[in-house]
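Below, subunit A partners subunit B and then partners subunit C, in two separate complexes.
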Partner chain A sequence: MQTKRRRLVPSHRVNIDRVFHALGDPTRRAMVEKLSQRPLSVSLLAKPLAISLAAVIQHLEILEKSGLVQTEKVGRVRTCSIKTAGLSIAEQWLDERRTTWEQRFDRLGDLLAEPDEN
Partner chain B sequence: MQTKRRRLVPSHRVNIDRVFHALGDPTRRAMVEKLSQRPLSVSLLAKPLAISLAAVIQHLEILEKSGLVQTEKVGRVRTCSIKTAGLSIAEQWLDERRTTWEQRFDRLGDLLAEPDEN
Partner chain C sequence: MKAMEKQAVTHHTYVIERSYPTTPERVFAAFSDPAKKRRWYATGGNCEVEEFEMDFRVGGNERTVRRFKPGSPFPGVALINHTNYQDIVPGQRVVIAYTMALGEKRISASLATFEFSPTEAGTNLIFTEQAAFFEAADGTKMREDGWRKILENLAAELARS
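Coming up: the complex of A and B.
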């Protein structure tokens, strides 16, 4: 049953994996939500979150690797800010699906106009 | 350091967790890509994927629970089709972030117009 045709998973999608994975966690989304309002130091970002600073730093690493957040250390303060690259990749993927889906509905309209045997 | 203020993770976001989690897997995204083109039987959906039918069914369950895909059994054939609810939730979240982020840049423009000491 499993005919091994072409893989549907091109390697350039690795980043999309990371972006969606990163956004699948409510704490990380909360961090992205805060950072889309303004850049924040790690401690200010951590304050409203009911998790340890160590956990926040782990989440930050995941967000950085996925291209959703960037951090910069100036003096003793590490400042976190949003990076739109990650958001754009996710938006683009969703947008492509919607376009494909809507085009299909246009075609479906034509098909429904044809007589149906069932 | 960890002042326990309000949690930034409202309960109604559970579905968004599932959607983003579901989309974080390349096989599941490939399935959504195929199904956004047209509804497919489980076996046709599984064909180009280099994984077992059992694995496909597991992925399908995750996609169904997240509101990205729906399946319907007619006779002996289970047909899978895209469900836009999941895609819409993800799109809306990303759109809100982009709006917030763009509004911040408008404000940043004003701030940059002020004299800077550095």
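Coming up: the complex of A and C.
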């Protein structure tokens, strides 16, 4: 049986300075939020943003370098999506699950430290 | 789009070990006594306990409904556990199979084993969970909420520096 120990630092760890820089801008945060709903073409991503397509492409480059977003060109359409490697929901759930049980066992310890009522 | 439509199941096994300065019988009693179990198992965290019913015997079921408090990742959403007792050996082990659902969607199904062993200092508890997480069960909403939370945390972090 294989057991999996909790990793304190995710192995996929992206460059945190780049991520902070990428998300330090409200337009880029809006783009990430949009893409977290579903992948979009560059033009659809640009549409609700009140900036030029060129500016959107510049922002996308920064997001791509930070490892948050990936783009793929199919035919004449470039599609952008969130790069979820290591940030998968299953991975988050596992962490959440383990934390939940750890907290439970802490509470069990507190309960056992009390004298029995009878 | 393709990745989001994929019905992926992710399997994970993990172990948590604890030692308690008391007898295995007392640790076991915290599992078999519903009032005690409710206190350490259902209560706490960012949820309110709405229901907790248990039938502690092999084949017996347990149902826990907790609801996320305001300010938690999924405010107002119910977190429902359905547990079935697979094996019980007093003072030694409890084996359960359980599913967890977030609202209407099941997010995982697991086999979980609690093993109690006496030590000089008291009792060792070894908890092993073998889980199947249903990736597709998260839905767009949860992915979105997950990301929103990450972004908010980062924004808070940025505001500090």
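In this text, the second predicted complex is superposed on the first by the 70 of 118 C-alpha atoms of A that agree within 3 Å, B and C clash if a C-alpha of one lies under 4 Å from a C-alpha of the other, contacts with A are read in each partner's own complex, and residues count from 1 in each chain.
Note that a residue touches a chain if its C-beta (ideal position, glycine included) is under 8 Å from a C-beta of that chain, and two chains touch if they have at least 3 such contacts.
This is a predicted model, so every value here is computed, not measured.
**Student:** Touching A:111 in the superposition: subunit B (first), subunit C (second), both, neither?
**Tutor:** Second partner only.
**Student:** Considering only the touch criterion stated at the top, classify A:53 as touching first (subunit B), second (subunit C), both, or neither.
**Tutor:** A:53: touches subunit B, not subunit C.
**Student:** Tell me the contact category for A:62 with respect to subunit B and subunit C: first, second, both or neither.
**Tutor:** neither
**Student:** Which of the two partners, first being subunit B and second being subunit C, lies in contact with A:44: first, second, both, or neither?
**Tutor:** A:44 sits against neither subunit B nor subunit C.
**Student:** Touching A:27, do we find subunit B (first), subunit C (second), both, or neither?
**Tutor:** Touch status of A:27: first partner only.
**Student:** For subunit A, which residues belong to both interfaces, subunit B and subunit C?
**Tutor:** 1-6, 19-20, 23-24, 29, 32-33, 36-38, 82, 84, 87, 90-91, 93-94, 97-98, 100-101, 104
**Student:** Which stretch or stretches of subunit B touch subunit A in the complex?
**Tutor:** 1-9, 13, 16-18, 20-27, 29-30, 32-34, 36-38, 43, 46-53, 82, 84, 87, 90-91, 93-95, 97-98, 100-101, 104
**Student:** Please output the residues of subunit A touching subunit C within their complex, sorted ascending.
**Tutor:** 1-6, 19-20, 23-24, 29, 32-33, 36-39, 81-82, 84, 87-94, 97-98, 100-105, 107-113, 116
**Student:** Can you check the complex and tell me which residues of subunit C touch subunit A?
**Tutor:** 1, 3-4, 8, 10, 12-16, 18, 20-22, 26-27, 30, 36, 39-41, 43-45, 107-108, 125, 127-129, 131, 133, 135, 138, 140, 142-144, 146-148, 150-151, 154-155, 157-158
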